[in-house]
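Okay, so chain A shows up in both of these, paired with chain B first and chain C after.
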Partner chain A sequence: MRRAAALGPGLVALCAVLAVVAFLSVTLGSRDIGLSEVLHALRSWDDDGSISGTVTLELRVPRTLLGILVGAALGVAGVILQGVTRNPLADAGIMGINSGAAAFVVVAITVLGLRGVGVYVWFAFAGAIVALILVYAIASFGREGATPVKLALAGAAVTAGLASVTSGIVMTNVDALNELRFWQVGSLAGRYAPILTGVAPFLLLGLAASLGFGRALNGLALGEDVARGLGQHIGRTRVAAFAVVAVLAGAATAACGPIVFVGLVVPHLARFICGPDYRWILPYSMLLAPIVLLLADLLGRVAARPDEVQVGVVLGVVCAPAFVAIVRYARLSEV
Partner chain B sequence: MTATISKVDAAAQLDVAGRLRANRRRRATRSVTVTAGLAVLVFALFVLTMMVGSFRIGALEVVSSVLHLSDNAGVDFVVRELRLPTALAALAVGLALGASGTIFQQLLRNPLASPDFVGITSGAGLAAVVGIVVLQAGGLVISGLALGGAIASALVMYVLAWRDGISGYRFILIGIGVAAFLDGLTGFVLTRAQLFEARQAMHWLTGSVGQASDTELRLLIGGLIVLLPLAVLLQRPLRALELGDDSARTLGTRTELSRAALLGTALVLVALAVSVAGPIVFVALVAGPIANRLLGAATGGIVPAALVGAALLLAADLVAVHVLPTPLPTGVVTGAVGAPYLLWLLATTNRQGAGG
Partner chain C sequence: MRAWRQILAVAVLSAALAGCGSGTDGGGDNAAASAGPWTFTGGSGEVVKADKTPTRIIAHAGEAAALMSFGIKPVGIYADESVKTDPNLKNLDLSGIEILGEEWGKIDVEKAAALRPDLIVGDWWPAEKAHSGMEEGVDEKSKKLAELAPITGVSQGKSIVELAEGYESLAKSLGAKVDSPEIAANKKRFEDAVTAFKAAVAAKPGLSVAAMSPADDKVYVANPAYAPELLDLQSWGLDVLNPASPDPGFPYWENLSWENADKYQPDLILWDGRSYTPTANADWGRKQPTWFKIKAAKAGAAVAWPAFWLHTYGDFATEMGKLTDAVKAADPNVSS
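Coming up: the complex of A and B.
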């Protein structure tokens, strides 16, 4: 009971942490920009021609905003997927999103001869959504509908099939391999304002919708029969949840490439803090995920100046051991 | 009055016992039939792999040449020197991956918990990629590194997950973390590599049965001969563990010991397979579920799962080398061959209400 009372203030504290991290993300980088310059640039919101103003407004701010939105989207999508499939290993990658996006990107490179992150975004988005629809359609065959086991297996099968296509093309086309190996690690770098404004509406919409799922996921966590007994329409919940995940994870992957770690791990972190109640896990993940993502991005920018380490790499190398330590010493509440 | 009731009771009991026995017999029959059918399929694919190619050879000739019954120098050379190693590699790697995948899934009670997802192949992958890109090594060195990487990452996971015993859930979470860590490092090495070496590394990461050398192959086959019977012996404690630790202990299973033995067996199998052929994804993941769906009620057989793995890999190798216009690594095709089949199984068994 005491735990529940502390959760509300905790949420506020996380907001503050996120604000601090976001601010750091704007000021730090391969070129340190002073506090006053940042504030000046932000206040006037006008490119006055100075280098620090340009860097702040055109590079750092979009990058930070994108990090916040993408992080939140991935975290929430992970929570919903793990809740719906009741599997601690479920994430957007296993449900075919990354492989669908990668397959479409590779096709865009090889067949249509397109180049550039701005073009890939829409192909990746389409691929992610197609893959997710495929997974859900296959899993929902038969009379008991899309059960957790079938969802997991269908996701794994679709992922493997699409990954085969991708690696088949990449193996025979060095050019595509060269483009794909950088897309594949996931990064916030080089994603400028047009990409941000392109995906932001989807992400905001999905995030708003996702907060309504707490009750339904709590019901599903008790098992299908109990959920049905509580008056839930399970089929409808699953379809709605998958639609939200498709929008969130699809848009996030499209913008930044596959960033696996956040969606897989942050829900578990949130579960350690909040216990099994999804009405708290959802908002906590929504705040924890961007904090983790921005910190990793920041570290990647600062650690190897003036070079950069992709955020996907930093997440794996720095954040994964932290996660392992938490798992080792925390009391677990299972999915 | 009481006499009639007890007579009815007795009759009902007899009926229930009879039905139980019939049910059990039907399950055993199905299990034997499916296993035998799979064995025949694997044998047929094994022979077929050695028949086709630029120089076609009849089935009888292949069999007699492998068994040293004939002495046709030309055929002997093609079959024994060129095609037998690849076919044997596909067979052995498939058996090993199928068996170890299903052991992991049952032990951790999660259909997604194949060695690919809980970090073991990631360890092998990182070690091999470092070998290729940084040390610019090849052949046996890479295999040794992969073997060492797989075993090291599994040991790290086991130690980290140990807290008064191993819980499946904690093991899975630790596995996710370790896999993320290793994959992050692999991605970093790949982005820093020259294109040529990156391509070589990607090729290894895709996995192929055609690259095995004799030494590695012999090691794998030796391992299989020891470990596969051991896995079958361990099937009984595995079933008990599936019921949960407390029930298993009540049934007289020594839980930690059996779990460690099962994990060790499965780990060595997958590590040997990966060191021979690279991390061929998907085989370990789907062999178990496919076998279960074929077996119906008698789920969980390790031998059927191993046979499904072998059939999958042999079929994938046939497609990769002979059907496609340019020969590709086997790992490219396993997904393309196995995924539609698993999806079809999912769709059809569901309709009968037996999926789930």
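Coming up: the complex of A and C.
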């Protein structure tokens, strides 16, 4: 196939684009730092005490690395969820992950009286995983197991249930509302090395594991009966896929709050470029998603100097029209 | 069930509004109040009129404290936090006063109606064009408080001194004896505190300060134009920084990303008193890589700033004492 022949070099080109975007994300920002100062800091790799050095090495580098990992994780988690549930609207939000994470963060604030992004990470992670297990368990009831339709319904039900718990608490506790409001926008600001090193192992492991799902997702795309006929263990594939999504989306949401649209839009973008083969869609999403996330973050950082706009807000504003355009003008491949 | 509750609420409300005339007055009524028509011009410029001097007053936290400092005891108070921690109320005797709310934006209007108020007192916030308790974001249900009685208040404008004077004249119109020795003593204490503060500032030429509030995502720098106590400090000679580009939508602050935390280099940080603790500076230095790029923060030069709550001569005098000590201890060369 001609298309497949072009996809390999395309992947290399995307790597180069990601490298350029990452470089921009370190050199540009809400503070004006000369290129030579940034390069000096990067070369010496040692915080010399100057503000340029600190901003470059302790703020921008961890932020950029976190953006790459979180973006890739959200993109890939979106691909797997859309593939396994055969639902073109599936992303971390629809599977209860965001609402589970939010509910646990609220409990951390109100019941345990904890504060700060660094603490929320682990509660959000636990909440995301609990929510996903809950969704899967509910969908598994019955003879035919966790079918796509049951997964979608269970996801919606768990999301609604957890969201009502969260708003129930938040409505009676202004303090929790103020804390949650900041967390819930989704942001890369204020996340430094400890958070990066905390979630990076989970994200790297999940990303590596996710690349093995291409063949299984291709099979599922043909329908369950065909997949079974091809010798696939559908139940086992689903459990494994959900475990990987729990780690990826859970850790990503934990680190940055619920970031919208990346997990939803990027898989469609990748499918538009690659066609229906998940063995290409997965790596393409893994590179496209961080490019989108870092560009959106960069826009928010330079648009409102000396202030910043959270990446969650930028994504909502920029990505929604982009998604509409894709739906309207591009022929989307079926999931 | 639900309908029954509503009927009950309406019944209670109408009984309360009718007044019943059963002679259960007392409690918060102020004997000194004179009969006859009463008027007061609030901070919004609106003139409030009544056939007789109001005696059953519901007031917001700090406004209640101000009235109480002149001997006017409200029948109800709505606060923004627990009355045990509210800086205006925590040291006051609130027995006999109904607490109608202990959280920002939440007022129990049903309870308030049962008190049969004839005046509501809340500061006027010029930036938001609303009285305390009626701002944007407050529950619509809570805002119905304004339907129970006329609402007035002194403007959170350019000076706490004007605010205190405004409540003094409101209290006076409500029948308070504002020249009692206790009140005079508080005023004297305040005037002495101002004199001491001015002297301390004059002894530290070149000392610059900025009022700041660090948060997880940003650093906030207060805009004195919307913080009356900071304007007072400026008028007494302290060099309080005016941020260059306050947030147009919420001009109380200029927002700085953490990359720009060091945009301003004061010699002393006035730290938002609502989040200040003795270890806050060290904590934020550990948490945010750029906080200690503010030289004053690195040097530990920070003092609590009584942000947006002062209402009385007494409280202002106490806070001025702390600020005076901080100015005396400050090094005007930290930032250079």
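By our rule, the second predicted complex is superposed on the first by the 335 of 335 C-alpha atoms of A that agree within 3 Å, B and C clash if a C-alpha of one lies under 4 Å from a C-alpha of the other, contacts with A are read in each partner's own complex, and residues count from 1 in each chain.
The rule is short, and it goes like this: a residue touches a chain if its C-beta (ideal position, glycine included) is under 8 Å from a C-beta of that chain, and two chains touch if they have at least 3 such contacts.
Fair warning: this is a prediction, and the values are worked out from it, not measured in the lab.
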I'd like to know which partner A:158 touches here: chain B for first, chain C for second, both or neither. first
Is A:286 touching the first partner chain B, the second partner chain C, both, or neither of them? neither
Mind working out whether A:307 is in touch with chain B, chain C, both or neither, as first, second, both or neither? second
Would you sort A:195 into first (chain B), second (chain C), both or neither based on which partner it touches? neither
Between chain B (first) and chain C (second), which, if any, makes contact with A:182: first, second, both or neither? both
So, A:59: does it touch chain B (first), chain C (second), both, or neither? second
Chain B or chain C, by number of chain A residues touched: B
Starting from the residues of chain A touching chain B, keep only those that also touch chain C in the other complex, and list them. 174, 182, 310
Mind pulling up the chain A residues that touch chain C in the complex? 29-31, 51, 54-55, 58-60, 116-118, 173-174, 182, 187, 189-190, 192, 301, 305-308, 310
Chain C - residues contacting chain A, complex: 103-106, 215-218, 245, 247, 254-260, 262-263, 287-290, 293
Which residues of chain A touch chain B in the complex? 87-90, 94, 138-139, 141-144, 147, 149-150, 152-154, 156-158, 160-165, 167-168, 170-172, 174, 177-178, 181-182, 184-185, 260-261, 264-265, 268, 309-310, 312-317, 319-321, 323-324, 327-328, 332, 334
Contact set on chain B toward chain A in their complex: 110-113, 117, 160-161, 163, 167, 169-170, 172-174, 176-178, 180-185, 187-188, 190-191, 195, 198-199, 202-203, 206, 281-282, 285-286, 289, 326, 328-329, 331-336, 338-340, 342-343, 346-347, 349-351, 353, 355-356
